[in-house]
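Input: structures, listed below.
Note that subunit A is present in both complexes that follow, paired respectively with subunit B and with subunit C.
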Partner chain A sequence: MGAGHGHRLHYHGHSVVHRAPAHLKLVALVGFMLLVVATPRQWFWVFAVHAVVLLTVVGLSRVPPAYLAKRMVVETPFVLFAVLVPFIAEGPRVDVLGLAVSEPGLLAAWGLLVKGTLGVLASLTLAATTEPHDVLAGLRRLRMPDLFVQIMGFMLRYLDVVTAELGRMSTAMRSRGLDPRSPRHWPVLARSLGSLFIRSYERGERVHLAMVARGYDGTLPTREQPS
Partner chain B sequence: MSVPVLDVRGLAHAYPDGHQALFGVDLHVHRGERVALLGPNGAGKTTLVLHLNGILTAGAGSVHVSGMAVEKKNLKEVRRRVGVVFQDPDDQLFSATVRDDVAFGPANLGVRGPELEACVRGALAQVGMLEHADRPPHHLSFGQRRRVAVATVLAMQPEILVLDEPSSNLDPASRRELADILRGLDVTVLMVTHDLPYALELCPRAVVLHDGQVVADGATHDLLTDAELMRRHRLELPFGFDPAALPRPGPVVT
Partner chain C sequence: MHVPDGFLDAPTSIATAAVAVGGVALALRGARRELDDRTAPMAGLVATFVFAGQMMNFPVAAGTSGHLLGGALAAVLAGPWTAVLCVTTVLIVQALFMADGGITALGTNVDLMAIVGVGVGWLVFVAVRRVLPTRLGSVAPAAAVGAFLSVLAAATLFSALFALGGTAPVSPDRVLVAMLSWHTVIGLGEAAITALVVGSVVAVRPDLVHGARPALKARTLEVRRPVTAAPTAPASSAPAPTAPAGDAA
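So, the complex of A and B:
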């Protein structure tokens, strides 16, 4: 059933950033993240430099900013938490727009926000410019243990299958009069997640069985270089 | 008589929870035969299939594939000889492209390079899916996925192809296309199915399994026209389908 073509995070293109080898992009991403996280939060101008570097890469990738902006909503819970911090934190108070907020709290919130936003945007840029299986190939080239790469590969492959299954379960429940938005029905949703877990677990066993039936002995044959 | 491709003798199996699924099954399938394995739900069909390539081990009795015992030391060769196509193609196809999935089996057997590529192309051509080699399996239609699932096993050049419910969930056109493909293959077939017209169409011989025992073994046409036998073993023909109205195919050589 209607699995979308390509991956939801990937934006098809042929820019310099798209064509860069996946393992370099991964190393760059992790390096950038570590740098951002290690930057003391009161060095405001350094964050400006980080942002300029990142935006340059985004510009080079030719991925429309609106495309990335829409996917930034994943950060929302994080933002809510950051916004709460100045109100909860201890310490000397300052007035911002007539509200007394904690000064160290404000600084902490800024730190969270800026580091989080840079991290999310950088990851989205990688996801938008790199096909999921190239990310896996990159990880393998970076000597990530094969077992982890295999597990991630299966996750990618079956994400759509499991999502579709959840969709069918929810359609079946709604057809029987359930309103998924009503909190009264949340216990039912929780139970359906439980049953989805069991189903996925059993599917995992069947997939393994089908692999064993074709001579699988724990190592995936290395992917032939695409011709 | 030649060594049977499949030689099951007195096979019994009980699951760890104590439930016994098979009680002394005997089954012989010879080269080039297409045999349907019929029986109601819970008859033990899947349990039997899982013994054929050593996923389950016999509690009693034995399974031989072209004379080779299904035992731990032979598993690799047994799994090459017995190709099992499972019911849900999503369980069988896990790779990023159709090509990778078809290559999985032969690569596990140590086939590499151009030989592997030839193997993959050959198997895909047999099921008419060659032009889809580079597509991700989950973007194919259900019928196409079922055909690729068959190719993943054909690529291992099995001596016997075991199909679990090959026609389930297929639309009539895909069902017929799969039948054409299976008829065209030069390989021994054991087909587990509830689709009795499909069994009659493709398999001259049928075996009925009920409560873990083989209760009938003969020409599919004879079994399906035996109303008493059918009723006793919970087998029912679809509405309006009368095998007696069809010409009886020639005698079955067993």
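So, the complex of A and C:
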């Protein structure tokens, strides 16, 4: 398989943040974000504190800021919505740069933007500093049902395999002269997805049989270090 | 598009998370009934399929494109409980590893897309399937109706949550109207793609389609005997041995 087996968001490193136990990082992420979401949006200085805390963690992790900044684009559609809010919200109007916008709407847009941005940056930091199998071990330590952790593990393992398979199907389609441009091509694309389902399902059956052959009894051996 | 952090207030986020935990716990139990000890690898691979399916772009017009949400599709193909687990897994992986959808909004996203998206899609699918004749050809149209209504149901629930715990002062009526009108368009696309994908799988491997099981069961085995050239052959209890392929020519 040509695909890389690390995660595409992971940034290899050995900083304090990288070495911290994954379950602590998960708890810290959820706790921090709950705090951010619960902070009233007019407490501007508190958000400055949140940002400083988060940026300190990013600094300690030694992940280059440009690396994280590039991946912040996932937030774009949501930023567009937040920018629209002052125009469609209710309440008294104020003039900003010659445009009449709703005052509570402006405040709400600020709240959405700052909370959303802190959330994306915090999640990216976790993803950049924690290997997927460490996250899984952390979730298991946090008492997530074992079956569920196994399902996530299989998804992470086969993510690159299945997406690469989809990529090859798409390459094959294009090399035969079909460049999908309009809904006329939906039946062809849907058939690709249909065969991707059949291949994924059959792969699952083969994986299961291979596991049974190796003595699978419903639990997976873990890679957790004895402590 | 996933709900990000800070879109709904903290109490609403925590309440939706509690509902999500309950729903997923039920689904874990149900999926074991659907898949027994195959649950982990099968649900994992179907979840990967749902994720990959969301990556495929369906061109609409003038350079724009949309993608599948896949709740109803997963329910029809793999069964409702497995589908809830798969979509939930996709959402968790997206939130934890791709920063797509807020970590505090994870419960909301699971409620909207995994529980309501799959649940409504499956229930509508089963209802429509009951009305239509029990044939393999009925599976795809029923899946289309299920997909369409599941998208609308998720949009309606989002509007309701926004009215309860939204953090932007936009009137709930306007949110509902905007969500429903926009999601009618999305739902039509979702319905078309879901029907096409389900139809293509039913055509090749109907045995893999969970929603096609009643139609498969209703089919009776039809044994066709080749009409032999010699009608006066003795009626023996064992069928005449066929000639080896090499001699036939």
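Operating definition for what follows: the second predicted complex is superposed on the first by the 202 of 227 C-alpha atoms of A that agree within 3 Å, B and C clash if a C-alpha of one lies under 4 Å from a C-alpha of the other, contacts with A are read in each partner's own complex, and residues count from 1 in each chain.
Following the convention adopted for this analysis, contacts are C-beta pairs under 8 Å (C-beta built on N, C-alpha and C of every residue); 3 or more make two chains touch, one makes a residue touch a chain.
From a predicted model like this one, the values you see are computed outputs, not experimental measurements.
J.: Identify which of subunit B and subunit C touches the larger number of residues of subunit A.
T.: Counted on subunit A, the partner with more touching residues turns out to be C.
J.: Should A:Phe154 be classified as contacting the first partner (subunit B), the second (subunit C), both, or neither?
T.: Both partners, subunit B and subunit C.
J.: When the two structures are overlaid on chain A, which partner does A:Leu166 contact: first (subunit B), second (subunit C), both, or neither?
T.: A:Leu166: touches subunit C, not subunit B.
J.: Between subunit B (first) and subunit C (second), which does A:Leu124 come into contact with in this model arrangement: first, second, both, or neither?
T.: It touches subunit C, and subunit B stays clear.
J.: Going by the contact rule set out at the top, does A:Val207 touch subunit B (first), subunit C (second), both, or neither?
T.: Both partners, subunit B and subunit C.
J.: Could you look at A:Trp110 and tell me whether it touches subunit B, subunit C, both or neither (first, second, both, neither)?
T.: In the superposition, A:Trp110 contacts neither subunit B nor subunit C.
J.: By the touch definition above, which subunit A residues appear in both interfaces, subunit B in one complex and subunit C in the other?
T.: The overlap between the subunit B and subunit C interfaces on subunit A comprises residues 153-154, 156-158, 161, 203, 207, 211-212, 216, 220.
J.: Can you tell me which positions in subunit A touch subunit B when the two form their complex?
T.: For subunit A paired with subunit B, touching residues are 3, 5, 133, 153-154, 156-158, 160-161, 203, 206-207, 209-217, 220-221, 223-224, 227.
J.: State the interface residues of subunit B toward subunit A in the complex, per the touch definition above.
T.: Touching subunit A from subunit B are residues 50, 53, 55, 76, 79-80, 83-84, 86, 88, 90-92, 94-96, 100, 103-105, 107-109, 116-117, 138-139, 152-153, 156.
J.: For the complex, give me every residue of subunit A touching subunit C.
T.: By the definition above, subunit A touches subunit C via 7, 9, 29-30, 33-34, 36-38, 41, 71, 74-75, 77-78, 85, 88-91, 102, 104-105, 108-109, 111-112, 114-116, 118-120, 122-124, 126-127, 132, 135, 145, 147-148, 150-159, 161-163, 165-166, 170, 180-183, 185-187, 189-198, 200-201, 203-205, 207-208, 211-212, 216, 218, 220.
J.: What part of subunit C is in contact with subunit A in the complex they form?
T.: On the subunit C side, the touching residues are 1, 4-7, 9-10, 13-14, 24-25, 28, 32, 37-49, 51-53, 55-56, 58-61, 68, 77-78, 85-86, 89-90, 92-93, 95-100, 102-104, 167-171, 174, 192-193, 196-201, 204-205, 208.
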